[in-house]
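Look at the two complexes coming up: chain A is in both, with chain B in one and chain C in the other.
Now for the complex of A and B:
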């Protein structure tokens, strides 16, 4: 039965749409975007700012090469984390902890760099591969904690994943205030800057290009996993119905463990891309919420890995635009986040209207 | 005879189908009117229109000669129309009384429970029902719950009663009691519409019968002027064969031996309490009983989905007690689960995904890591053909298939031997439930074919007719115990019903 809500104005009826075309779908999304920008324009106007100029700045981000590169750079951690979330969400594993897994990835990467710099443990060429490996492992392990709790004890994953974010953030705080503080850093809570061999600039010497390659490789890996491998198929079955998965002879527990580990691992690499691509060192608040933005990105992209890459760049652009607006028009950074939020909200409502038909039935005037 | 209800030229379209195509129907005062048809013939749609759940696209509704427009069940109820749905709509943790007066709106601030209790008792007595209004719903049997549903609508003064497949959850004895009550209501001048696809029931209880096929009314007739064979012909558009289907298969060695099995149910108490049974190659062992008496738990234990508490399960003489579902699949145990559209498939997946829901991990379809979709698609095409699954393609979404086709898909996956050849043991739990006659026949024939090929088969059903039709032996289950095993020659509906109810008396 479709839900019905009685109000004094009439009855609101929500019905699932049976089928809709691609053209309808795309035009609804564009309409949502247009509405979002309209709302943003209204808010900017009310603040006494020129919305047209603001939009020029925002769109400039995607047309000016230097800003576009910056946007791509910003999109890398979002994209990698969202790819992991795509896997987790397919498994019906509501991982809210990409942020924490990103921080664990940063810790692993930085740890490797510091080991080499302070103690010279490795050959220089080994550092980068080791950073990748350990950030994947540590990010994965961080997500494996709630994964194991769910698989073994049936604990819902939402709260553990969320709360482990704060733990990870505080561990980073502890490290950069304490043992990992740069001795030459005038007491600021920062690690030493990463040396060149530990930076993501293999392709054309710019982290944006290297990162874009990383995003695309990640998307390809996630896509391949879900479509062409046995574990990927099992992850999807478990996500649709654990009861059916059991019936099919799938080991539900080990599937949850594997899926959560892979999801956390990808977010961990996202952490690597921050310290070794965007910032070049570890500091508190190194991720301004990329892991949360990734949730939005994964949802908007419909969990499709290729679409995630594109949507991530769009959101990377919005973050860059925030900075640009601040500099050129004096709009506070929070306003950029507000623009993001409005766009997200509008697209969400648009998706809902795409899938459901909402009608309001007027109450009858008595016919007798 | 006064016409209580008249439907004229009702048309209801859903995307892609015309569920009702210019349907005319009438209900007279004092009659039991059977509405007969296969699943998807449009019976329930038509009745949902009469009950105000759907709005017809075209057509007119007359109640007691006056044209009406029904916008919601509330309108229907106020016109004295009541409907008992296939699945009960009662609040399990509330009492009978509370359920009956829920939404009545008669009392304003204070509810006079005593007055309602007295009136409900009187009403129940009139139909020979013994129901304590203060008992909670979850304590009642399916038959009693149905009586509460009927009381609920009678208490609102309904005289046009719609019953949607009311016997599907009842034992033989309960069915008989229901029919007596319905006859009594008809004598009192009520009109009863009885939706069913069972021919026996039409002949037994109805005065007139309307047959629907593919959204249209084929014919309306006095029941005593027609026969089962004629009705079947109208219903499916071709004659069907009644009687026992004989397939000679030599009984072979023992495939499955269950010894003193105890299995916990979902609520944590034993659902199977000391069951022993044996199935041979080429044998169909029917399990008769009202559902919810441990059948599913027994099936799941054998399929490796539920770990037994005690007892042993031997497959071809090898102890397989406590092995998981994956192992049992590899050992050649096919399991057709109850409610296949929920438990047997992933609705959002493509047809090919569901066909290979078990085989995807075995060669040649996988090398344990990568999946070979080419091979799977190729085989899926064959299976679709062989099992007559009607689908636009192997890549279509499974949820768009009809119930009968979903069951064919499950049968194709379980029986075709894409994992480990012809199944040694087939556990079929309610494989024909909710299917129409055509699809039911298909399932029956398929099971008989596998019997011939030497599979051992456990066939769980609530329908005595089909149990008698297919089984070599029938075990009667009740309260988690086997109450008796009858050979086909000595089994009949009466004896089976008696074994079921004896157990109830013992337990009660």
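Now for the complex of A and C:
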């Protein structure tokens, strides 16, 4: 029996929709995006700010080549982290810790650069591959902690992943205020600037291009893993039903460990893209919440790796627009974060409208 | 020595009250089967609003507005997670993001000025730009506040006293009254509760609103009673720590008192260690203590839960629908 809510105007019925087309699904997502911007417009108007001008600035980001490049640059860590989250969420592993895993990736890449700069540990050509390797390993290890707690002890992963975000951020704070502080940095909490060989500008000299390539490669890898390999298949089965997975002879524990490691590793490479692509050094607060934005991106993209690449560029644009809004209209930077959250909420409401049909039955007169 | 104990204990109570207020409401939500992961966002909104409204209208209005805002925000969660049956984790997280973004936006100097002038046009220019607000005054209970050591329990602000009364009262309502029984049965077995004639949706909606109200109050207390200068995201994960605390207290308001002061104590130890020689160890490493303690608590409880099957609300996190 579907739930009914009696109101004065009639009876609200909520029924499950039996299957819907892709076109319907996409149009509903677009509708919820439009609704989100309507809500944002209402908030801005009520504070006496001009929403139309604000939206012109936001969408103007995608028309100016320089700002579009900046948006793509901003989208790289979001995209890589969201690709990892796509794997984790498919496994029903609620990793809210991409932010911390990004920070661990930044630590690993900076560590390699410092090792080479201070002690000359490696050949120069080895530095970049080592940065990739270690940031993947450290990000993965950071996610492996809650993964192992879940697999071994049955601890729900939501809160541990969240807590480890704060811990990772504090480790970065400790490092740049202490042992990793640039001796020539006038006491500011910054690492030394990365030398050219440790920067993501192999393709066409701009980190945006290399980053976009990285995002696409990451999406291809995630897509291949989930669609064409045995571990990917096992990850999906565990996500749908651990009981079925066990019955099918899948080792659920090791699947959880593998899935969480891969998810964290991708976010770790996202961290690399920040220090060696966007900023060029390590500093406190180097990620303004890319790992949280990645959750919205993964949800909005329906966990599809290819869609994640496109959606993260949109959100990279929103973050870029945050700076532009501050400069041109004096709207504080937190506005970008607020807009993201409103979009997130509206997309969730859109999911509901997709899945259920809401009808209002008017009471007939002869019943009265 | 006694002075030192008193100062540590007094500070422990002050920090612990943040956790206690937040977890009391959350216990109700989770007992009814709803995980309110929006706690962090509601708390930070409560802090931001109490900042703005204290400057405009004073403490009482600020606290009331924070509670009302908390209830309204949790109503969003209730509608989405209870009535629309959307995933509670994702919805709660979205609410936390909304709280963090909106609070940072509203309390930023530019927007705050506009709001303050709209609320109270007669405010002096000097109040429009400051980052702090007057702290809640301490109220000394006659006689009791003069006692050695435990006297510090009675030299606190009004919201601490509210928490002293609320914890046992909420325990009593939850375990000894009919509405409390209904609430617990909805969290344990919603289908059976439904068959008994309890409106599962309404109970869950109300419980979520209670958690929102208390989270708003906790945010107001955090700002007005403990740390009355604004910075973006000043809750710094305290809402999430409160969520771990709810699990540690096994969804029992009385045990939440102990847990809250335990976590308050961990934070105070961190401040104290900084004063001693261990401060050289870097404040950033010490600041990790509360988060690591929260993880340790979660692990400890889960090990125990395997052994003794402590009372996890059986339908926690599962949306109820009559169809299935």
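In the analysis below, the second predicted complex is superposed on the first by the 345 of 368 C-alpha atoms of A that agree within 3 Å, B and C clash if a C-alpha of one lies under 4 Å from a C-alpha of the other, contacts with A are read in each partner's own complex, and residues count from 1 in each chain.
Here is the rule we go by: a residue touches a chain if its C-beta (ideal position, glycine included) is under 8 Å from a C-beta of that chain, and two chains touch if they have at least 3 such contacts.
Note that the coordinates shown come from a computational prediction; the quantities given were computed from them, not determined experimentally.
Undergrad: Given the superposition on chain A, are chain B and chain C in a clash or a fit?
TA: fit
Undergrad: Just to be sure I read the superposition right, which of the two partners does A:170 touch: chain B = first, chain C = second, or both, or neither?
TA: A:170: touches chain C, not chain B.
Undergrad: Is A:311 touching anything from chain B or chain C once the two structures are fitted on A? First, second, both or neither.
TA: neither
Undergrad: I want to verify one number. Taking the Cα centroids, what angle sits at chain A between chain B and chain C, in steps of 10 degrees?
TA: For this superposed arrangement the angle is about 80 degrees.
Undergrad: Considering only touches as defined above, state whether A:230 meets chain B (first), chain C (second), both or neither.
TA: first
Undergrad: For A:200, using the defined touch cut-off, is the partner it touches chain B, chain C, both, or neither? Pick first, second, both or neither.
TA: Neither partner.
Undergrad: Report for A:244: first if it touches chain B alone, second if chain C alone, otherwise both or neither.
TA: first
Undergrad: With the two complexes superposed on chain A, say which partner A:88 touches: chain B (first), chain C (second), both, or neither.
TA: In the superposition, A:88 touches no partner, neither chain B nor chain C.
Undergrad: Counting touched residues of chain A, say whether chain B or chain C comes out ahead.
TA: So, of the two partners, C touches more residues of chain A.
Undergrad: So after superposition, what is the minimum Cα distance from chain B to chain C, given in Å?
TA: Result, nearest C-alpha distance in the overlay: 5 Å.
Undergrad: Where on chain A do the contacts from chain B and from chain C line up?
TA: None.
Undergrad: Going by the contact rule at the top, pick out the chain C residues touching chain A in the complex.
TA: So the residues of chain C touching chain A come out as 37, 76, 80, 83-87, 89-91, 93-95, 97-98, 100-105, 108-111, 114-115, 201, 232, 236-237, 240-241, 243-244, 247, 282, 284-285, 287-288, 291-292, 294-295, 298-299, 302-303, 305-306, 321-323.
Undergrad: Quick check: in the complex, which residue numbers of chain A touch chain B?
TA: 18-19, 228-231, 233, 236-237, 240-241, 243-244, 246-251, 364
Undergrad: Provide the residue numbers of chain B that touch chain A in the complex, in ascending order.
TA: Answer in residue numbers: 15-16, 71, 303-305, 324-329, 335, 337, 343-346, 348-349, 353, 357-358, 360-361, 366, 368-371, 373.
Undergrad: Could you list, by residue number, the parts of chain A that touch chain C in their complex?
TA: Going through chain A, the ones touching chain C are 1-3, 5, 16, 47-48, 94, 96, 149, 153-156, 158-160, 162-167, 170-171, 173-174, 177-178, 292, 295-296, 299, 330-332, 334-342, 344-345, 348-349, 351-352, 356.
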